[in-house]
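Pasting the structures here.
In what follows, chain A forms one complex with chain B and a second complex with chain C.
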Partner chain A sequence: MTLADFDATFEEVLQDVLGWDVAFADDDGPRTVEAWDSLMQVRLVHELETRFGVRLPDDALLGEQTVGSLRSLVRERAQPA
Partner chain B sequence: MRSRPSAPAPERALRITTDDVERFAAASGDHNPLHLDPVFARRTAFGQPVVHGALAAVALLGCLPAGSLAALRRLRVSFAGPVLPGVAVAAAVGPDARRPDRWWGTLSARGKQLLRLEAWSGGEAPPEPRWLDVGRGGGPMRDTPADVELAAVAAGDEVAGEYGAGAELAELARRWDAQALDPGLLEALAWSSYVVGMELPGLRSLLAGLRLSSPGSAAPGPARHRIRVVQADPRTGRLLLEGRLAGPAGPRAVASIEAFGRPRSVARAPIAASSTAAAQGAVVVVGGSRGFGAALVLSLLEAGYGVHALYAVSRDAAEELRPAAGAHVARLSLHQVDARDASGVERVAAAVRESGEPLRGVVLNAAPPPLGMRVTSASAKELADYVSDSLGRVAVPLGGLLPLLGRQGAWMLFSSTAAMAEPPLEWPHYLAAKGAMEGLARWAAAARPDARVVVFRAPKMQTDLTSSPSGAMGAVSADAVAHWLVGRIAGDALHPGFNVVDPPAPA
Partner chain C sequence: MPPALERGAATGDGRSALRALVSAGRFAEAWGLLRPLLRTRDEAWVWSAARNVLRAGARNEWSPPSSRSARLGILCTYTGADLADHLEIACRALDIDVELYAAPYGQLEQEVLASGTPLAAFEPTHVLVAPTAADLGLPELADDGGARVDEQERRWRSLWAGLAGVGARVLQHSFVVPDETPLGHLALRLPDSRPSLVRRVNDRLGAAAGSDVLLVDCDRLASRLGKDRWSDPRLWYSARQPFSYAALPLLARETAAVLAGDLGLGARCVIVDLDNTLWGGIVAEEGPGGVVVGEGPDGEAHAAFQEYLKGLARCGVLLAVASKNDLEAARGPFETNVRMRLGLEDFAVFVADWRRKPEQVEEIARTLGLPLESFVFADDNPAECAEVAAALPSVDTVALAGSPSTFVRALAASPRFEAPALTAADAGRRRSYQGRAQAEDLRGRAGSLEAFWSSLRMRAVVGDLDAHGALDRAAQLTQKTNQFNLTLVRRTREELRGLLEPGAVLAKTLALSDRFADHGLIGLALAVADPDDPRTAVVDTLLLSCRVIGRTAEVHLLAHLSRAALSAGFARLRGVYVPGPRNGLVAELYPKLGFTAVPGSAGRAWERDLAAHGPLESRWIEDAP
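Right, the complex of A and B next:
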């Protein structure tokens, strides 16, 4: 997977789970995104795992995350070239 | 707040009633008690019956112009929070600025989005599952929900059988101005609700997301369906399902469903007779039938107290305390009382007096289950009502029982939350209520300087309240926490006056 593919897929998952036509920044999280609550974070993490074929740590499901922190967690595991 | 940037669409208030919910249950075949039975619903994280998500989606679709509604063949729905029967939600719909055949819609209340929907007329081929045949296996529709053991569900598992939505479904769609909706999509919404609520995961389920498509040529009448588990994740109970609905004349709908299951609760082993301690006096536990309250009741019995446990709704849960009390059952009295009702609390006080045992302790543990919310000018009234409701369940029993509290070794326990130190964004009402309660505890310490007043900042525990996709992770055993806390109270670890007790560090 190329870095461009990675970014496109990552963005698609955010749009699918959190809302359409919203421009997300890396520091966006539950404080700044209306739909981002604990259930949505669980769904977001599962969807990222499914689409990238990776397994994220339990803390990704439970702990406070941002777009940027999730992006790093997935990137470390999916290793786009 | 980042949300949809397009110009805010005019909002319309929708109020789905209990009657609508009953009709949808009959029409869809989704008789899951989460929607219909207050006693069952009380033992879920929602605490009360909730509207079928698919019914809420039908009501929202009814806000679209009839011409556009009729053209729709694809739906994507995301369920973010429960819609409550009889409570108004704000519906907003609008066309997609960039793709004119697409529509979006939202339902909001409690300062947050509860449902998000995207609908379009078609275009690309529907995402057909690879296994197209709905087959001949499986039985008739269920009358009662399956109680699937989550741990036993694996990718590849299948459920198949008959499915038919009742004629009331079209009537219900008319009632919500959605009669122009493609019958295949309407039926698919009802069917998805049936699948999750009755088949997989069945009894203890939560519908989180749907993708539906219809070829747009559905003829009414009985159909067959086949559902396959694509993914099952034991960490959160998440299931990803693919399904297909077909009638004699051909395919009716294809679905991709995201759902969550909750684990079964495990019955407690009875307290052994050998643990009988010396009689300590009487304790009243308000909110004692479930979760942490029930765990406290059992630990207090074990420590030698006579326990009067109050519960409002959960009679079956309260009755489960009797076998769990084992050898101590004779020292357990159950009282069905609304803690906000002064005359009810008075009856409990009379029962304590009659028992002849001095009242040593009062546990104030009742709270209405908090549904996630955010603070907006519109939701602030709901927040204030929640605080008032919560505080009533503490202040009324406190006022009624304080005069009875003996002078020897008296104590009061106020159940607060560790969330006071790390406030979750979705619980402003819960935090405000616990803050008010802690203030009341300070007053109680001033009024009764001889008593040990304990504010316990309870950790996240495995209870009905946390029986949700994210809730159960990282939660500790309520029994273990209760046992530890009762040890602190029954021992001499605490001084008279005001004490804040934090939970023990996890082992």
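Right, the complex of A and C next:
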């Protein structure tokens, strides 16, 4: 997977879960995105894991996360070229 | 799946196509692509896309077309938000306009047994009770198993009784039998092991449900998916959600299917192809004895598919054939091949000619007098499925692709075959529709309509609603009847029973037979006193099953109703018509029967002066002795 593919898929998952009409910045999170509650975070982590075939640590489910922190967690594991 | 979307899904184009439609505001088209997928597919992108289409549509005051509405309360013992979210999508995909209320989790008895709760204020038509096996509080091995099972039965039954008090029908999720047990396979031999006790609780609830509670067999669904895929312990511990995201679409769809069945949206007829569907090979080439059925791997699979269809027929689903063949050749295997499981008598309509499939399907619908939404079309040829889906989008299509060994599973995956209950009428329905098809034939030859009616030698049994079994069937009729239904008032069994109690209602049911068939209980009429004019009886419900439309059965029913009204002291009978999407054919019923328009009713109410003109007379139907 190239880095461009990775970024496109990552964005796609965010939008599928949080809304097609939303654009995201790296420091977006539960405080800035209306739909992003704890349940949405669980769903988001699950979708990222499924789409990238990775497993994130359990605290990704419940801990305070942002678009940027999730992106690095997934990128470390998916290792796009 | 529409082929373009199927290919697109793999590359992301399907999703982009949907996004493009949504940003162009073409919600109906996007939904039209998604709706068939949601009915069979579990992929997350399909459900995410549906959520996004519905959300964007709602912001633009668009909502998907629906044919029934429901107010569904959800009582979960766990975090139910994801289930509610998926249920809304699943209901929409099955044409139910649903309003949801999800109670805070764990608030079961509190919401049901207390008075003035938010659930009661929501006025649900249905309430889903969704617990998990963890709520049963069972040890791995109990020393008081019987008492624990009794206690659970009491708990859930008292909840059901409370919900009946709120006026809602109950949908109950069964308990998933736990897969991990330290007892291993020994658990099955011990009636008081945790897995055995969960099974026993499910059995008790199944037996207690009767026709009042709709059970969703979650254990069956979990087994189908595989129990290690069904649940995700991490989700349970971190979010109190007992099933994985892989399980949610299936659970939501099947729950919605049971609700749809209760609302009268289940399929009423499966139309099947013959060559390479019911048997292997082409009958015109192989001959009636040469087609592959009953022997060998493919033959056994075709036979199993026929047996499955036979099972559906026993549950009240009609079977029909739509085949591109010469009629004689198509009938051959049914008449002479002893390995066939289905016979010609199993089919309500048999169409074999050289027209396009959509035309054949339309003819079957016309012959049976059923709307197109009532049909599921199953064919091994994907092109013919696509042709039917394109020409008649309200017909559900099942493409039987590949080996015949997959056919049963493909048809069983359809969410359209959930019947709320088996009624005595289901057993006789097939014969009745066959009778209708023969009667249609006769109509072609009988000359005048009067001669046709007279040649049918129709016999009626008019009964009261409290007769044994009549309540279930009458409720089913109010739920399912769309065409010959003057007021479209839908009622559950409980609501009907409630009406009867004070004795303030005149109620008549009609069972009809003719020389071809016994149609069973096919008509219902209810009349109540006009609150402003106690000498006028208002026909609150008048409906007939499609299969007896055009037989003067309504006259017979009104004749009995008007006689009952006269003896109850009423001077007038008032009929009303409430227009709906498909009941246009009865808009002029009352004026045609000589009722006079009520001034100022805008063509919606008519009266007959019973005191002056007496009851109506029925000329073509005799009461059975």
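In this text, the second predicted complex is superposed on the first by the 81 of 81 C-alpha atoms of A that agree within 3 Å, B and C clash if a C-alpha of one lies under 4 Å from a C-alpha of the other, contacts with A are read in each partner's own complex, and residues count from 1 in each chain.
Here is the rule we go by: a residue touches a chain if its C-beta (ideal position, glycine included) is under 8 Å from a C-beta of that chain, and two chains touch if they have at least 3 such contacts.
Source: prediction; values computed, not measured.
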Taking chain A as the common reference, can chain B and chain C both be placed on it without clashing, or not? Answer clash or fit. clash
Which holds for A:4: it touches chain B only (first), chain C only (second), both, or neither? neither
Applying the document's definition of touch, where does A:81 land relative to chain B and chain C: first, second, both, or neither? neither
Between chain B and chain C, the one with more contact residues on chain A is chain B
Which superposed partner A:22 touches (first chain B, second chain C, both, neither): first
Could you say whether A:50 touches chain B, chain C, both of them, or neither, answering first, second, both or neither? both
Tell me the contact category for A:31 with respect to chain B and chain C: first, second, both or neither. first
Taking the superposition as given, does A:61 touch the first partner, chain B, the second, chain C, both, or neither? both
Interface residues of chain A shared between complexes with chain B and chain C: 17, 19-21, 38-39, 42-43, 46, 50, 58, 61-62
Looking at the complex, which residues from chain A come into contact with chain C? 12, 16-17, 19-21, 38-39, 42-43, 46-47, 50, 58, 61-62
Considering only the defined contacts, which chain B positions touch chain A in the complex? 1-6, 78, 80-81, 96, 98, 104, 112-113, 116, 118, 208-209, 231, 233, 235-236, 238, 240, 258, 372, 424-426, 468-471, 473-474
Contact footprint of chain A on chain C as seen in their complex: 12, 15, 19, 22, 44-45, 48-49, 52, 55-56, 79, 81-82, 234-235, 238-239, 241, 245
Once bound in the complex, which stretches of chain A touch chain B? 17, 19-24, 28, 30-35, 37-43, 46, 50, 58, 61-62
